[in-house]
Structures are given as C-alpha cells and as structure tokens.
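These are the structures in question, set out in turn.
Each of the next two complexes has chain A plus one other chain: chain B in the first, chain C in the second.
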Partner chain A sequence: MTLAIDRLAQASPWRTRALGEKAALALGLLVLALVLPPWPGAALVLAVAWGTALIGARIGLADWLRLNAAPLGFVLTGAATLAVELGPDGLGLAADHGIRALAVVLRASAATSCLLLLAVTTPTPDLIQGLRRLGLPAEIAEVALLTWRFLFLLLDAAAAIRGAQESRLGWSNWRRGLHSLGLLIALLLPRAMDSARRLEIGLAARSFDGTLRMLSPARPVSAVWLGLVATAEAALAGVSLWLS
Partner chain B sequence: MHIMEGFLPAGHALAWTLVSAPFVVVGARRLRRVVAERPEARLQLAAAGGFTFVLSALKLPSVTGSCSHPTGTSLGAMMFGPPVMAVMGTMVLLFQALLLAHGGLTTLGANVFSMAVAGPWVAWAVWRAADRLGLPMAVGIFLSALLGDLATYGVTSAQLALAFPDAVSGFGGAFVKFAGIFAVTQAPLAVAEGLVTVVVMNALAARGQHPMVGVKA
Partner chain C sequence: MVELILEAQNISYAYPGGIMALDGLSLGIGRGRKLAVLGPNGAGKSTLLLHLNGTLTPQAGRVLLGGEAGLYSRAGLARWRRRVGLVLQDPDDQLFAATVAEDVSFGPLNLGLDETETTARVAEALAALGIADLAERATHMLSFGQKKRVAIAGALAMRPEVLLLDEPLAGLDHQGGKRLLDALGRLSDAGTTLVFTTHDVDLAWAFADEVALFSGGRVGRFGPAAEVLADRDALAAAGLEPPLLLELGFRTREEALVGRR
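== the complex of A and B ==
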C-alpha cells in the first residue's frame, strides 16, 4: 500500500534537489502566507505555490487537485462557522458578510499548498535527516525513521484484515462495523509488537549498536537558487504590501 | 480534531507552539532515557507510533456519515504514559501533516497541545481515577477513551474560539459555535472510540496480552 503524497515525492523530478533549496522555497512561502495580509498576499502565495508545483516540480494536475481538495473541505467547514454569528436572536450572517471567513479560507489554502509543495517533492526520511542536521537528537530521529517504515507495513496489514472482514460481512451494519474495527485494532497492535520484536532480534544478531546508517548523497545547496528564491519572495512580499 | 495548515493566525500558531514545546521536550528527554536503558524499546516505540498513525487512517463507522477516525489518544496514554505520548504524538501529527496533508506545520503546536498533551493527560487521569474507585475495567477504559476524546475536542474548540472570537458574543459565543458544529461529528465519534477501545482491550486480554507497557506518568 502506498500513500499518494509519498508516491509523488519518491518519483518527483525535484527528488534529488538539495533539501535546503526546497525548504527555503516552500517554508518561505508558508511564512509569507501567514504574515502577509490575506488579500492580496495569500492569494499571490497561492498562485506562486500552484505554479511552482505544476510547472516547476511537474506534479500532475489531477493529483495536485486531489491533494488540495481534502484539506480544503476541512477548512471550509471551519470557515463556515466564522461566516455566522451568535446574536440575541439566534444565528445570523456575520456583520462583516463573511469577509473574515473568506480571508481565512484564502490564507489556509495558500498555506496548505506550500505544505503540499514541500511534501510532494521531498520524501519524509529526507526531512527527518534534515531535522537531524538542525540538531534533532539521534534517538528521536531513529525512532521517527523506524516509525515511518512501520506505518507502511501496518497499513498493508490493516488493509488485508479489513478486506477479510468485509468479505465476511463484518462491516454490514454500524454495530458489526464497530465490533470489527475493535477486532482489527486488537489484531494489529500485537502484530506491530511482534514484528518489532522479530526486527529487533534480527538486528541484534547483526550487532546492532543503536545507529542506523543510511547512504545519503551529498547535495550541495546552490547559492544562485537561494538568491533567486529570496529575491522572488521579497518581491512577492513587497508587491502584496504595496497593493494592500 | 486537527486544525488545518494556515487556519490559525501567525501569533496564535507561534503561541501554541511555545505552550506545547516544554511538554514535548520533557517527553523527548524521557524517551531518550528509555532508549538508553533499553535499546530494544526504540523498535517497540516505532511500532506503536506506526500503529497510532494507522489508526487515524482507519474509518470509524459514523452516524453522521462524515469522515471520522479513532484518535488513539487514550490507547497511547495507557500504553506509554502521557509524557512519552507527547513526543510520539508530535511525531505522528508531523507524519499526518506530511503524508496525508491532515493538520499542518504552523498549526502543529496547537494540534500537539490538544491531541498529544490535553487528551492523553485527561484519558490517563480518568483511567487511574476509575481504577482507584474500583470501577469495572471496561467502564474505566470506556470513560477514559470517551473523556480523552471530548477533552481533545473541547481544547480544539477553545483554540479556535480564542483565535476567532465572535464579534458580538466574544470568546464564549465563538466557543459555543465551534463546539456546537463539531459536536455533530465528535460526540458520536467519542462514544464509538470508547466502545472500540473496550473491544480492543477485551480482545487483547482474551489473548493473554497486556498492552500496558509503561503506565507510569
């Protein structure tokens, strides 16, 4: 079983680009989305993030739209709450006619696009190694890497159990569904622990000393790229402050 | 109840990050100590972290038909104790943001506080209290999961109400608004998670496996 974001990140044309370059671009835009006024700041960030993802990092349009749609659903539910007001005579449209709700939707969708831009161009282990270089303790980084490995194994196991339950009508109504889910979780937890124990015995037999060394090719950060990104982001901030 | 990327204003996002940081740092210290004493624990922790992530990818049969999933907050608190849950929860929330675009980097602090700090502490406290009162185990587990979930959702509503107070009725009105809207999905979800957690514990007990490996807070 694969997760869409991980599959895209592993196959991304920007996979081999230095992490520093991608982080400067995506996280820089993310900060701008948050601190600039939503109109026109977040709208400009949204446009730049979409353009970079679709044209620069060559993510397929259908994939990109699908990835953006799910978080947008949650954002819209939350924003709907901002568009209404609790007055003395019950619920009504907010006095600002939903301007604040619109601003939040704009900011959140711009920020989500920036997060996705980083996530679909950089596999998670690369990010963990980046955090390690920034001072994340080695033990935490290792547990994080192992967790990342385990979650795919367990997703596979969960999908197989769920398939077997469904083919025996285990999810035919709410009550059975609840019971089946409980059994699934109860089966998954010992399986996870079992495979952890087997992995540990295997590693101990190979003189595991607690460090997992991985080959990571040196990818120097291009100063020209960083300069371009900084200039573009400064220009974006300038334009949006001038327009607002 | 995840707060999506960019939903909170910059000041609030930063403030919640600062509030959550001490809990995560203390949890990380404890985790490092556990790993130093028992190197094999890192694989158990990783398996449990992966398990918590997978829980969030499982759909819970929902009354309202909306997408809802178990949070694993109380199960995690019972397994690791709340301090280690803070750091494992942070890791899982980070993976959810990066692999599912669920939650976010700027809202990580706020989400950590509601789901990896407040929820687990409440679930753990309820579980211990039920044990002290001599309630049947199933009732204790059910209440722990139920109240842990409700605490998480109450904190999230408060975080949103603080960030977006109602123009007329202020924080109180906004809290009622957010809590009211989320209650439609979250209240049945909390009950369902309570029931599922009882089934999980019963099934584990029937197999002679006891999942509680580190209940010391």
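== the complex of A and C ==
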C-alpha cells in the first residue's frame, strides 16, 4: 500500500501544487468530517473527497478503491460491533437500529478519505519538508527523509534476495518459505549497514558537514485556490448544518 | 612537463584482517588527462580512489593534492573535496534526496553557494549529462543508467577539477554506456581531469589517455594507453588480456610473419 501511494503521489497531476493548497483542502475537509454531524455532514465530506480524488486529482477508480479497502475494512469491522448487541434472546440488532454504527462508518470513512486525498497527491518528502517549515527539528526531518529513501533500497534488496531464493526453490513450501524468510531478514540487516556506510562515503565526497541541505522548488500558495477552498468548505458546512 | 594535480607516493593500506589492498603504490595524475586505473576485480582500485579523495588515509606514504600533502584536517578535507569529486560504483550509495534536482543541489549548497548560483549549477550539471528533463523526477523511480548520470551530475555540480569514477560503465547497457562516455568526453574537453577504475581493457583503450595497470597492490605499468595496452606481458601479470582489436592486430601480424617464413 505504501508503494501504491508513493507511485500515485509521484504521478499525480497535483504533485507540483503547493503543499499549503493541498493541506488546506484535505485537512479542512478532515476537520469538517470530525465536527459536522455525521448525517449529512460526514456523508457530504465523503462525497466531496471522493469526487476531488477521482475527478480533480485524476486518481484511477480501481487504485482509489484499493487504497480505501484496508481502512474501510477496519472501520466496518469496528462498526459491526456497534450494530449488534447480545441480548437475552441472543445476538440481535442494537437498540438504536444501527444508527450509531452508521454514524461511525460515515465519519471514519470520510476522515480516512481526506487523509488519503492528501497522501495520493503529495510525495512523502514534500510532507516532511512541510513539517520542517512548521517547526519540526531538522534532525528528525533528515532521519525521516533518509528512512524513506532507505525503505526503497531495502525493498529492492529484499525483492532481489527473494527472487534468488525462489529460483532455487526456497519458497516451494511453507516450511522452506519460513526458513528462507529468516535468511532474508538476516541478510538485510548487514546489507543495510553496508549501504549506510557507503552512503556516508558518498555524502562525505560532496562535502557533507552534518546538515542535509537541499534546494526545494519554491511553490507559492495561490490565494485564489485558498479562497475557493475556504468558500467551498464553508458552503459545505452551511449546507450540512441547514439540512440537519 | 605535465602538471600533476594528484599524486600518490608510496601509499600502503591494509584492511582489518590483514588484506593488503595497496602496497607501496605510486601514481601521478596529470591535469586535464583521462586516466584509466586498470586491474581485475578486487585488486584495490576502489581503495585507491578512496585515498585520492581523502576518505581513507594511507597507513604509509602520502597523497598530494596540487603538491600539498597532509590535508586530513576538517578544513583540509573540505578543500580537497571541493576540488576532487567522487562517483561511487552503485549510484544508490550516493542518491539520498527525493528528487533529482534536490539531490544535485546538495553539493553546491554545501559549498556555501546561494540559491541562485545553486539553481544555475544544478541546471548546468543536468544539461551536461543530458538529463535536464529528469530534474523533478523521484530518484527511486529512475533506471540504473539514469541514476548513474544523476550521481555524476551531483559530483559535477560542485565543479571539481578532478572527477574520480569507480567503474563508471558497470551495470550499463551499450547505449547507456555510450551516452555516459559522450558526457564524460565533453567534461574532459571542458578541462576536467578524469580518473576512472575499470577492468575493461577495451574501455581503457577507447577512452583513456593514460593507463595505470594495477597488479599486486601497486601500479605495475603506467603510460600512454596505446603503449600499456600493447604490453601483453604486463597485462598478463595483472590477469588481463589486450583489447580485442589490438589482439587481432597482434595475431594478424604473427600470422603474416609465419607466412613469410
């Protein structure tokens, strides 16, 4: 899922939009999903988040559904426990006829969709840079950035090792698979250490002095965009309160 | 007389465990030249490059940069790396930033350049390697050949006088290798001194002005590429064979001599 989000974020037509614009939209909707009444407030937020992702940010429906599947699975499982009750006659529908469960499903899925909207349009490093501008200490931002970069190197290494094991029947049954997995994990640690050591040499060769300085492209926040987002979100809140 | 920009004098280096990588090696690198450090895998070529940019300190002997020795202080090393760039064999060991432009900007910013100058350097380095269109791409989504060129651009953006390249063509296909050599040729024409390690005699013959033949932890033979690579005995001592075209020439000549008798 992490890789799918990264792939979509890198290819997103909104990738080069200012982080502030995307955050205003997604986090604004998130706040509305949490504070407005679940019906019709959260339902409206859910519809707007899905519409924005599919039409505005042009995420494919199949990709969007796949990304939503896992969190939605958790939400539905949790809500199921609210929808049923154990009474004297055994298991039955809750006294509120599942209203609370529906409210949880609406609110949680709307909030998840808002966060996913930000995630599929913004690569992780941009988010880290944004947090850095908001005051996250440089050291933590650098560690997060390097961890993110290393993740892909380790995944590549793990895929290569697994391929080599499979080609020699290392995953032909459950027992062998488990044994191969153990070997793979044991191999990855020294590889990661080696890789880190070589990265240190590479950084030192470019005059690294303890601070990872990089030139991030300046992306000015559009006042028009912010105005439109604020108007749309205010209208959504108004409609929701009026209907409820 | 060629001015020596880098010089190794009798340097020795053994890795923990006693493996002698360099054993009294001496080598002079002329300014503006293209030098191939040629030898089989595991001969110590990469160890030599790490000495030539000050990453490793020789256990005996010394390395001179522009005639100056003992530059191992913090300030000295900073000066050294400003003048001598290093590109590792695996580009993933060098690329750490999210996008190509960010990664290439790392070196110039470390030199203390301002944003305007850094932006210009990044554009210049990417253009020199023919990858200006990759500037905004994520580094982990590039092909191996593209990563390799980005790694070189990262070193190049610091405008080093000497560029050290560890096995520059390793892992590249024919087209990728050719594009990279064209780019390196342009750098050389612009005055950058190039030192690259390789076990590929054909590459050394096609691209280098001079060849340092590695054998037993030292330079067994040094000289113009055409001379060194025609020395079959020296190549054999280093576990190598002459370039294919030269070998063909030798054989044709030998057969002609036999025929004349």
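Observations on the structure shown:
Quick note on the criterion: the second predicted complex is superposed on the first by the 211 of 244 C-alpha atoms of A that agree within 3 Å, B and C clash if a C-alpha of one lies under 4 Å from a C-alpha of the other, contacts with A are read in each partner's own complex, and residues count from 1 in each chain.
The rule is simple: contacts are C-beta pairs under 8 Å (C-beta built on N, C-alpha and C of every residue); 3 or more make two chains touch, one makes a residue touch a chain.
It should be emphasised that the depicted structure is a prediction, and the values quoted were computed from it without experimental measurement.
Contacts of A:Thr16 after superposition: chain C is touched, whereas chain B is not reached. Legend: residue contacts after superposition of the two complexes on their common chain; A:Leu189 is shown touching chain B, with no touch to chain C. Touch criterion met: A:Ala95 reaches chain B, while chain C stays clear of it. In the superposed model, A:Pro125 lies in contact with chain C only, and not with chain B. In the superposed model, A:Leu215 makes contact with chain C only, not with chain B. With both complexes placed on chain A, chain A has more residues touched by B than by the other of chain B and chain C. Look at A:Leu199: by the touch rule set out above, it reaches both chain B and chain C.
After overlaying the two complexes on the shared chain, residue contacts for A:Ser207 are found with chain C alone; chain B is out of touch. In the superposition on chain A, contact of A:Leu153 is made with both chain B and chain C. On chain A, the patch touched by chain B and the patch touched by chain C overlap at residues 6, 124, 146, 148-149, 153, 195, 199, 203-204, 208.
Within the complex, the chain B residues that touch chain A are 2-7, 9-10, 13, 28, 31-32, 35-36, 39-40, 42-51, 53-55, 57-58, 60-61, 63, 70, 75, 87, 91-92, 95, 97-102, 104-106, 160, 164, 166-169, 173-174, 176-178, 181, 192, 195-204, 207, 209, 211. Within the complex formed with chain A, the chain C residues making contact are 50, 53, 55, 78, 81-82, 85-86, 88, 90, 92-99, 101-103, 105-107, 109-111, 115, 118-119, 122, 136, 138-141, 151, 154-155, 158.
By the touch criterion stated above, chain A contacts chain C in their complex at residues 6, 10, 16, 123-126, 145-146, 148-149, 152-153, 156, 195, 198-199, 201-209, 212-217.
Within the complex formed with chain B, the residues of chain A that make contact are 3, 5-6, 27, 30, 33-35, 42, 67, 70-71, 74-75, 77-78, 80-82, 84-87, 94-96, 100, 104, 107-112, 114-116, 118-119, 124, 127, 137, 139-140, 142-144, 146-151, 153-155, 158, 162, 171, 174, 177-179, 181-190, 192-193, 195-197, 199-200, 203-204, 208, 210.
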